[in-house]
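Dropping a structure here in structure tokens format, bear with me for questions.
For reference, chains read A, B, C, D, E and F in written order, and residue numbers begin at 1 within each chain.
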Amino acid sequence: MKTHPKKEIRIICELPLAGRMRAHLDRAPISGYTLLPVIGGKGSEGAWSREGLVGDAGQMVIFLIILDEAELQAVLADLYAVITNQIGIITIADVEVVRPDRF
Amino acid sequence: MLQLAAANLLSPPVLFFVLGFAGSLAGSKLTLPEAVAKTLSLYLMLSIGFKGGVAVAGHGLTGEMFAAIGAGVVLSALLPVAAFALLGLMSPLSRVDRAAVAAHYGSISIVTFVAASETLRSLGVDFDGYMVAIAAIMETPAILVALYLAGSNRPRQEGESLFGEVLLNSSVVVLTGAFVIGAITGEKGMAEISPFIVDPFKGILCLFLLDMGAVAARGIANGSRFLNPGLIVFGAVMPALSASAALAIAWLTGMPAGNAAILMTLAASASYIAVPAAMRLALPEANPAIYLTLSLGITFPINLVIGIPAYLALARWILP
Amino acid sequence: MLQLAAANLLSPPVLFFVLGFAGSLAGSKLTLPEAVAKTLSLYLMLSIGFKGGVAVAGHGLTGEMFAAIGAGVVLSALLPVAAFALLGLMSPLSRVDRAAVAAHYGSISIVTFVAASETLRSLGVDFDGYMVAIAAIMETPAILVALYLAGSNRPRQEGESLFGEVLLNSSVVVLTGAFVIGAITGEKGMAEISPFIVDPFKGILCLFLLDMGAVAARGIANGSRFLNPGLIVFGAVMPALSASAALAIAWLTGMPAGNAAILMTLAASASYIAVPAAMRLALPEANPAIYLTLSLGITFPINLVIGIPAYLALARWILP
Amino acid sequence: MLQLAAANLLSPPVLFFVLGFAGSLAGSKLTLPEAVAKTLSLYLMLSIGFKGGVAVAGHGLTGEMFAAIGAGVVLSALLPVAAFALLGLMSPLSRVDRAAVAAHYGSISIVTFVAASETLRSLGVDFDGYMVAIAAIMETPAILVALYLAGSNRPRQEGESLFGEVLLNSSVVVLTGAFVIGAITGEKGMAEISPFIVDPFKGILCLFLLDMGAVAARGIANGSRFLNPGLIVFGAVMPALSASAALAIAWLTGMPAGNAAILMTLAASASYIAVPAAMRLALPEANPAIYLTLSLGITFPINLVIGIPAYLALARWILP
Amino acid sequence: MKTHPKKEIRIICELPLAGRMRAHLDRAPISGYTLLPVIGGKGSEGAWSREGLVGDAGQMVIFLIILDEAELQAVLADLYAVITNQIGIITIADVEVVRPDRF
Amino acid sequence: MKTHPKKEIRIICELPLAGRMRAHLDRAPISGYTLLPVIGGKGSEGAWSREGLVGDAGQMVIFLIILDEAELQAVLADLYAVITNQIGIITIADVEVVRPDRF
């Protein structure tokens, strides 16, 4: 089975920001995205945990976006602008996919 | 007053809060799963909204009610300014941090409202059903005032969408929606669903306060290094100041003592759901550890444990 | 009938559904966490299953009951065929999409059944406890008919495992199991657990319908671009057609009006739990957005808001 | 005694457990979402803790109570040794595995306690509120004994932090905390929250046991290949042995039959929350599939279905 | 600490399909797999979210499988067959592990 | 947008072990970590699922740690020691980040 190289952007960002992030992703040249839950963590502002919380503040989610290398820079710059003032982390990794035309 | 405080301190809801708080400080994990905590919070709003609506159903719109609404709006516009000024005196915070904290203290905490109404109920002190509507109304305006105080010069459009996001916050919508449904269905609707929304209410509140206690303690443990003595004093003094302002307005508008005690509690309480999320969007430079720790870790426990009985005692003493 | 519709429309469960629906369309997030929504759904099945079993306990197996079961089986075998044919006339869907939609309309929606039984109860209209068993029985057969209609020529083995998966769907098992437990423990068991499964039932239904309203609105918002006018008309017309067929069978088998209103509601309702999951396995080429949006976004609200009172009025009018 | 067993077997809680168990073996997914299962478990502890505390409130600390506590401590220190020895005879397990299993059987299962107290209640058999405190006390000591039996020579510090972790396990803290709160607020507190913690209790227990049944069956399906006939016999025989030891101590200390039946149930039950987690930390080499399957898959069902009525019958027969 | 190269397959697939996927994985030459939750996303059929849902349809999960490169092609082909008609995404990535014999 | 290479450690470990793991991470030369939920899986000891469970035993979580390659060996060795007797899996992967100074 032949596989084809793509890029994967993973953004760990604050939950209150998710709506804005979605709005940007809706306009981006990508085929979609996937949202993953986070249960806790620790960063420069201390440890946090989703347990027991009622509001959105103090919680995080992960956006996973698989896309073509050709679009990476544009999408990255756009999304980076969203979280630049906020708590959040962006990583990029190499992945292989089976159906390259789907992304 | 001391007797009142003791009765409050020894009531199951407060004791479960203390259990959550102390157990969590000792290292036990007493939080509820997030899905359950969110649902219990929704339940509390649905229940008090509905009860308030039913209480209003018979009475229609009265002048008293509009006066009380007016009092709530005035308070939630002025309290952030007072908080902002007080913070300026007490602590070397940045302008944006002060504005964000001010937004929390201008807005309200529903669970504090719930605790106060349970206290009043168990003491047989009446208050009007429309006070719930005032709670809903007081959630949002402080945010706008705080944005102004922060000197926010963001593009208009984002500001507007933010206002929508806050007004559509599920806590506001459920509270208001359940109020309207209660007003529509009245006593008949109440008879049908009271075994769910009235009978177990206080017990569910205990469970929720166990969680809130644990979250408050965790917040203090994680967030205390962002606080300084000035801030901690602020978290204790601001509720007293807000409650006094509310008492003055209650006196001016001739409110009965029950309503006044509720208004004082609303004024003294600080938001922990809608406003923190709004601040992360509107004032991301403000440090969330500061406002969350102050609101949930300092002011909420103080209101719950000693504030509520004190406000009630004052209201009964000053007002006819 | 208009009075009935108004009473239904102004009952707390329907109003909470409307709140969820409208609030969600306006942009508020009023869904419950998935873990809670699943549990409430399980609670509703456990409760109605148990209540039905207890009601049956005293009576044993009667001829009437078997006639009603027969009516249910016949309906769930024929309705998918009717739906499939009707879709062929009204909309240019592929054969597989039509079959998948047909499976949903041949099966039933438990929460619609629950809403109908609450309406009957609050109007003092009796119906037999075994109608719950008929609901359980009607969940599955339509799936098989639809697979046949789709011309599915999958290897036998997968089809059989599918049938097992559907029959073992937790909703079917809990409904049936609770029915049997209710029948075994009878009034004695009921006395022990009714403060959990009876008293708060209607209130919990309100909370669940708030969620269902929000999910329905979200479904419409996301799925409407897969619908066309013909499909939307189908989603409104098919329930009426199914209810009429059920009314005819009820008349033929001499059912009392209460049972008939329930049978009509079951016929008119479309599955939103067991069948969608089965279709993803059995007919993956069918577009889920179509059947989910139709079932949850169009037919469920119509049944809840105007269908149920209409079916009851018709049943009372036509049947003795 | 047979009549007792039949009544127990046909009670709703046991039948729902059987439904979960059988349905799960048949392939249905009847577990509750983890968030809900954890919350129900917390609810059960909060409720029985509080009820126990209220029952104790009027009576103060009595000699009988201290005797019962002593009995509990002695049992939870000796039972692990007995279990460890018995396992050595019956099965070729490693020393560490035997110690880990022994810890489970020396500790207790709260839901078994809850089921026993419901059985006693519905038969009108009295027992003292402080038995809940004994349940809490018996949770932990067996862990220490088992570490000793395992010949654990871990650095002291980790052992101590482990002891803290176990004592602060949320189940222990909520049980104890709610007991204290119940003792403080007494009947007055009870009146306020009994619609939540008393009325729906048995129904919620049914829901929880449905889940426990499903988890037990899943445990057996996944874990049975780690068991051998000797272990299975152990899982059935050990409860009888523990209950006999408890009966002897009850006789020696002159306990009334109700208290004795509870003590026997506690002795016979095996932990499934606090101890498994502690064993993963303290004795990671022990295979969790063995102790979880034994405790949850073998011993829990046996106690629930035939143990509890048998212990009660024996206690009534032997004791005055 | 020496690390050893392995492959990681990640499959985002519909929840109703999870049972079939598990059945295939049980027969595959792998040491195990891990299941992760997904809370929402967007693809060719629009946005979706787990919130509020009662049934399995319309929900997704992630299967994570670490395996030897030697087995990759066979496992990939088998799993790909399961989701080929369904909604789902397969990606392959390089990872390093500490105990190579465990996979 | 320039990106910079980092390493990512992912540890799938038992939930009862999470406290110990956190204690080690608190002392490690890293900027933070993120905790992700796991809903089930299968390994040498059979299949498991989080569903229905009340206790912590038999559940797993994922720790995600982004760090500089320079720290990798030390951190890895420390964390490996925590789970060496326990059920758990460590993988290491390459990622790119935008703000290298944050890790």
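We take it that a contact is a pair of C-beta atoms (placed from the backbone, for glycine too) under 8 Å apart; a residue touches a chain by one contact, two chains touch by 3 or more.
All figures in this text were calculated on a predicted structure; none of them were measured in a lab.
Which neighbours does chain A have in common with chain B?
Both-contact set = empty.
What's the chain with its C-alpha centre farthest out from chain E?
So the chain farthest away from chain E turns out to be B.
Given that chain C and chain D are copies of one sequence and touch, is their interface built from the same residue numbers on both sides (over half shared) or different ones?
different
Tell me, please, which chain's centre (mean of its C-alpha atoms) is farthest from the centre of chain A?
D
Mind checking the centre-to-centre distance between chain B and chain E? Centres are C-alpha means, answer in whole Å.
So the centre of chain B lies 45 Å away from the centre of chain E.
Distance between chain D and chain E based on Cα centroids, please, to the nearest Å.
About 38 Å separates the centre of chain D from that of chain E.
How many Å are there between the centre of chain A and the centre of chain F, using C-alpha atoms for each centre?
Their C-alpha centroids are separated by 19 Å.
Would you please write down the residue numbers of chain E that are in contact with two or more other chains?
As it turns out, chain E has residues touching two or more other chains at 36-37, 47, 49, 93-94.
Residues of chain B that contact two or more other chains, please.
Expected reply: 29, 32-36, 38, 165, 199-200.
What are all the touching pairs of chains?
Here the touching pairs of chains are A-B, A-E, A-F, B-C, B-D, C-D, C-E, D-F, E-F.
Inside the complex, what are the residues of chain C that reach chain D?
33-36, 38-39, 42-43, 46, 50, 164-165, 168-170, 173-174, 177-178, 181, 184-185, 189, 192-197, 199-200
Touching residues of chain F toward chain A in the complex: what are they?
Result: residues 1, 3, 6, 8, 22, 25-26, 31-37, 61, 66, 93-98, 102 of chain F touch chain A.
Which stretch or stretches of chain E touch chain A in the complex?
For chain E paired with chain A, touching residues are 12, 36-44, 47, 49, 60, 62, 73, 76-77, 80, 89-94.
In their shared complex, at which residues does chain D touch chain C?
Answer in residue numbers: 10-12, 15-16, 19, 23, 26-30, 32-36, 122, 199-204, 206-207, 210.
Quick check on the complex: what are the chain D residues that touch chain F?
Listed in rising order, the residues are 29, 31-34, 37-38, 41, 165, 211-212, 214-215, 218, 222-223, 225-226, 272-274, 276-281, 284-285, 287-289, 292.
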